[in-house]
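The structure appears below as structure tokens.
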Amino acid sequence: MNDATTTTADLKARVLAFARERDWEQFHAPKNLSMALAAEAAELMEHFLWVTPEASREVAVDPAKRAKIAEELADIVIYALEFANITELDVATIIGAKMEANAKKYPVEKSRGRAEKYTEL
Amino acid sequence: MNDATTTTADLKARVLAFARERDWEQFHAPKNLSMALAAEAAELMEHFLWVTPEASREVAVDPAKRAKIAEELADIVIYALEFANITELDVATIIGAKMEANAKKYPVEKSRGRAEKYTEL
Amino acid sequence: MNDATTTTADLKARVLAFARERDWEQFHAPKNLSMALAAEAAELMEHFLWVTPEASREVAVDPAKRAKIAEELADIVIYALEFANITELDVATIIGAKMEANAKKYPVEKSRGRAEKYTEL
Amino acid sequence: MNDATTTTADLKARVLAFARERDWEQFHAPKNLSMALAAEAAELMEHFLWVTPEASREVAVDPAKRAKIAEELADIVIYALEFANITELDVATIIGAKMEANAKKYPVEKSRGRAEKYTEL
């Protein structure tokens, strides 16, 4: 299983099967999954709390930390996919729609090299 | 573009192209992306703050809210994929590894229908 | 030191002295403190991920968990006070102002017993 | 009302009165309050997503942003105080205890000028 050959549907099916086998769908209400997502995102963030953004690039490739960081990222995507399973959202479709909307908010010529929010461009 | 036919590599490439076109990779340090992920996860959570988990299942299919919820979920996955791009992590691989580890921590017979953490099973 | 006799200024001074003794103000940029705050809030949340709101009332008084929950809450307030120290905000003043604004957004007669956001009342 | 003269008990009483007047204690389960806290912490963080820690010091005193930042911080402290109200925790006491524990984990001579976690000192 790798990114080049795995579809989002494959990943979603694997996550759903795991939950079903354990009869965990009863706990996977959108409220609870959104909390779990936020909690995992915070765990990822904890690796970078006190370093500068530049230094965080080194942290992410530090062999002593990379495995743990990969696990936190995996947890985030797993919960996001399970949220999509439970709410019957098609991830590729909503990403496509969001990126089209973002392209309008952030036209290349106005936003190149700038980090401001679209309301401040 | 839909989940059945879109690979994770396709999605990652699309997200990366968007950032590159705008010369935004300079802002996409792991520290900053982890903050953006946590911020988007919090926005998703805000839809469910004061309702019960059961009621949150209704919120998620409420036509008045569904589009907004889909956007928040899309934002989360977009930042997760960009984090994987920047740190050169293969999402399908790390999900596979994490789910194998989870399967050991949560054997079906011990965890069926139970929400306790593996340390409390 | 207890809530009846301790002023916010006392607490802020104690937190600031701790940071200064360790020469930690250099790390306490608003960006970093806001991340630490969000990370601690997520740790508090983790105690309640899979239970209902009603059941979470029991969790909070469970002797086995209460000490840990108290620590997470303490961390949140410590970082909030340090954020106020660094940005020179008067906590009591901004709380007073925010609660006056909230009182206008949520008049008693319109919001009694209702959890909707003021924009939906 | 200002930090020099306001006790934590004063602030807690004010927050509790606001909730009681609106019959909101029914919504203020620890689970829900911890989510609200995390959501507000994320809103504070959003002001600093793409800037460096150093630049975030400027953002926090920017007159155009300061009022909004103060509101987010107020929200965080309000929810933390309400969490303490609902769970009957004495904030000054738990902060005192946490800071004593922190002083042991981070002795001045070992931690001066260093941002590492105590497990890595």
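Going by the order they are written in, the chains are A, B, C and D; count residues from 1 in each one.
Criterion: a residue touches a chain if its C-beta (ideal position, glycine included) is under 8 Å from a C-beta of that chain, and two chains touch if they have at least 3 such contacts.
What you are looking at is a predicted structure, and each value in this text was computed from that prediction instead of being measured.
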Interface composition of copies subunit A and subunit B: same or different, split at half: same
For the pair subunit B and subunit D, the C-alpha centroid-to-centroid distance in angstrom is 26
Note: subunit B sits from subunit A at a C-alpha centroid distance in Å of 3
Can you tell me which residues of subunit C touch two or more of the remaining chains? 27, 32, 35, 38, 41-42, 45, 48-53, 115
Does the chain-touch network form a line, ring, star, complete graph or other? complete
Subunit D residues within the subunit B interface of the complex: 27, 32, 35-36, 38-39, 41-43, 45-46, 48-50
In the complex of these two chains, what residues of subunit C are touching subunit D? 1-12, 14-15, 18, 21-24, 26-27, 29-32, 34-35, 37-38, 40-42, 44-45, 47-48, 51-54, 56-57, 59-61, 69-71, 73-78, 80, 83-84, 86-87, 89-99, 101-103, 106, 108, 111-113, 115
Would you tell me which residues of subunit B are touching subunit C in their complex? 35, 38, 42, 49-53, 115
